[in-house]
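Pasting the structures in now, so scroll down.
Shared between the two complexes below is chain A, which pairs with chain B and chain C, respectively.
Then we have the complex of A and B:
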């Protein structure tokens, strides 16, 4: 498997809806390469509700989503569906 | 069942606040977010649970009144509707979206270490102090534009209220069952200890009934913010504090014959300290402890400048809106809609329109995506 480029989005400590807005923007910006599997978007957030909204939106758009709890925040990885 | 001892009322509301804070945190149950996301993303997930909350409250308040459990009806902090409810609701709606949290959302988020919400909190205190300066004007306007003396639909006509409640609850029940069939209540989130929104809604409705029965009226919170501001002002500028009329006049006064419950925004221990400041402390404490428990408490530093300004301005608008309308979303959405208060029926639609404008400003000006 080729090494993927990672688009890292850090929204820790930001005001609330930034998470989904910024995540959607990045997904749209990179959507072609995302779909081809060349790039993946990783969102780091401390907003608990974002672990609901981002996965459900990204899955509805046809991506695969992995959520990992790291030290004290959440890492949401959005990639192409295999 | 009314507890006449002010210190016990304080304790009851403090404990209710702790539970409230835990529930809000676990469900990330943000009312500002519910309205905002409905407009921004057509995401109605949380708003549906708020509809459930209001319906459950309606049933609980109605039944409790029939059972004679409610110490006062209508609740003393409520008054007849005024068109200022529309103006205040609108300002409040814009403010809560810009602040990234309403009057309780701000508390549970700042308690887990979010500085944007801490700034929003100081915005609310500052807004309350600003309002105190112009209170006489708005108090006059409230009376001038008062459009009725009936406080709730029950006051107007018990028959219509019973019929409306019956039809509304039955209709809502069919909607809720249809959603259940479609699996819509089964909301998934990856956060540790996530509390499903419908559960959060039901727990909050039960909590509010308990508060109503034990301490006299449903939860309220914004006069508590003004009171915290009053303590600051009294400490820093006592000569001015003594001249501000808003701090001298009580906002609620009940005489049961046995006890007199009186309180307002003044910097002294009274029924508002016992019922509202206690709730503020409780929500902060509950959310702080649960965020420590889940090892999620963390301070990340200040958000970008535009968000910082937005949070503070939003906080001020929340406070001014709430004072102009004589209540906030906790009073009118969690309590007022359930008891069918006319002021709530003015406030909530106006707040929704405000949230719509707030969502546009947030997207186009603050976050700029």
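Then we have the complex of A and C:
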């Protein structure tokens, strides 16, 4: 089974709108492989507003988004639609 | 080459700096405008200095995101169009009628089947018209309308049987809800259950016939012996020379009425006869009709009734020639009795699918709807007491059903009744 490549983005300590712009930049960079399901983008942030802005934009762009809360930060996983 | 004047250079430099600041300000405003569209906060100058701003290229980033949003929207539109086309195809291809009706009872749309079943003019544009006008020919929704209940309660309603255009339908209404769960309309599904209902009625009739047949056979068998004795002893008594004229007359009546009882019993036995007792033969329908007409010609003449025949080229059918003749005699005799005097019976034969149809159309008074389902029941008669046994049509129905055929009766749109006997063509 092919394992998906993961692009990790660490934006801990950053606030919006920088968080959103950084996440969008990465999605733009990898969008072709993201759409094909070859890669997934995982954003780590401790800025709560980013858990709203990043998923909202990524979903509008046609991706699936999962938000998970860990002890110290949020993990936003962006993948291709089924 | 001319060396630039330092003062003018300084002036130009200041001018360019002002311009630069204005351009950066413009870019920041546009960036913030785009960020607002994306649902986030504006970018503060202290977060990103001018140089980093240009290097980071937020406008390019948002433009890239917009490009993907557009791509996704286009893809979604294509998928929606495909889904809509598929849904439309299913909507039109389904064997049930479907209408979508709004809360004011106006038809938003309906499928082809619904049109075929209930709309008089196939080309008529019914969108926007009231469903009760188009489907029910009323000027307001009926009290028993399931759509009224669904709109009021928000629940699905099933109306088991409703008659429209001489057909029976089952109607199911399901609520159409908006985002907030409020009922904004009704999806009405119409299922034609006419054939199912006919089959159920036939089954019920057959079951009734079978049990009546069994009972009749039992009674007939029990009565035959005592009736034989009555007839025998009355004939013996008639030979007695000491009888008065009055007594001879009374004995004659006893013997005659006993014979009448025997005829009724024979009819009962014919009705109750089991299928395996009669081998299925072959019958020429046109020939059977001619024989029946020949037999009843005098009776028709006496009643001043004209019998017309329109006998087309039809195949031989399954069934005994004499039994089918008996069926046609019964139907024709019934027609003559129904007309009474002065009228016409039109008999026509034709092919219909794999069946041969013999149609008897009379100019009598027709059969009231309330008794139409009973006319094939044994002993059911509308004739005065003593004139009919009520067995003719039930025996006919038994004969026809036994050989895989059907008898139906409808009232003619003009006048009188139409009996249609459908018989299976012998392959």
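To be clear about the criterion, the second predicted complex is superposed on the first by the 79 of 82 C-alpha atoms of A that agree within 3 Å, B and C clash if a C-alpha of one lies under 4 Å from a C-alpha of the other, contacts with A are read in each partner's own complex, and residues count from 1 in each chain.
Keep this in mind: a residue touches a chain if its C-beta (ideal position, glycine included) is under 8 Å from a C-beta of that chain, and two chains touch if they have at least 3 such contacts.
All values derive from a computational prediction rather than experimental measurement.
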>> By the touch definition at the top of the document, which applies to A:13: first (chain B), second (chain C), both, or neither?
In response: first
>> Of the two partners chain B and chain C, which one touches more residues belonging to chain A?
In response: B
>> Per the contact definition in the header, classify A:47: touching chain B only (first), chain C only (second), both, or neither.
In response: first
> Thinking of the overlay built on chain A, is A:25 touched by chain B (first), by chain C (second), by both, or by neither?
Replying inline: both
> Is A:67 touching the first partner chain B, the second partner chain C, both, or neither of them?
Replying inline: first
> Does chain B (first) or chain C (second) touch A:55, or do both, or does neither?
Replying inline: first
> For chain A, what residues appear in both contact lists, the one with chain B and the one with chain C?
Replying inline: 16-18, 20-21, 24-25, 49, 52-53, 56-57
>> Under the stated contact criterion, what part of chain A meets chain C in this complex?
In response: 16-18, 20-21, 24-25, 27-28, 31, 49, 52-53, 56-57, 60-62
> In the complex of these two chains, what residues of chain A are touching chain B?
Replying inline: 12-18, 20-22, 24-25, 46-49, 51-53, 55-57, 67, 69, 71-74
>> Which stretch or stretches of chain C touch chain A in the complex?
In response: 35, 38-43, 47-48, 56, 58, 61-62, 64-65, 68-69, 71-72, 75-76
>> Residue numbers of chain B touching chain A in their complex, please.
In response: 25, 28, 30, 32-33, 36-37, 40-41, 43, 45-46, 100-101, 109, 112-117, 187-192, 194, 295-304, 307, 310-311, 362-363, 366-367, 369
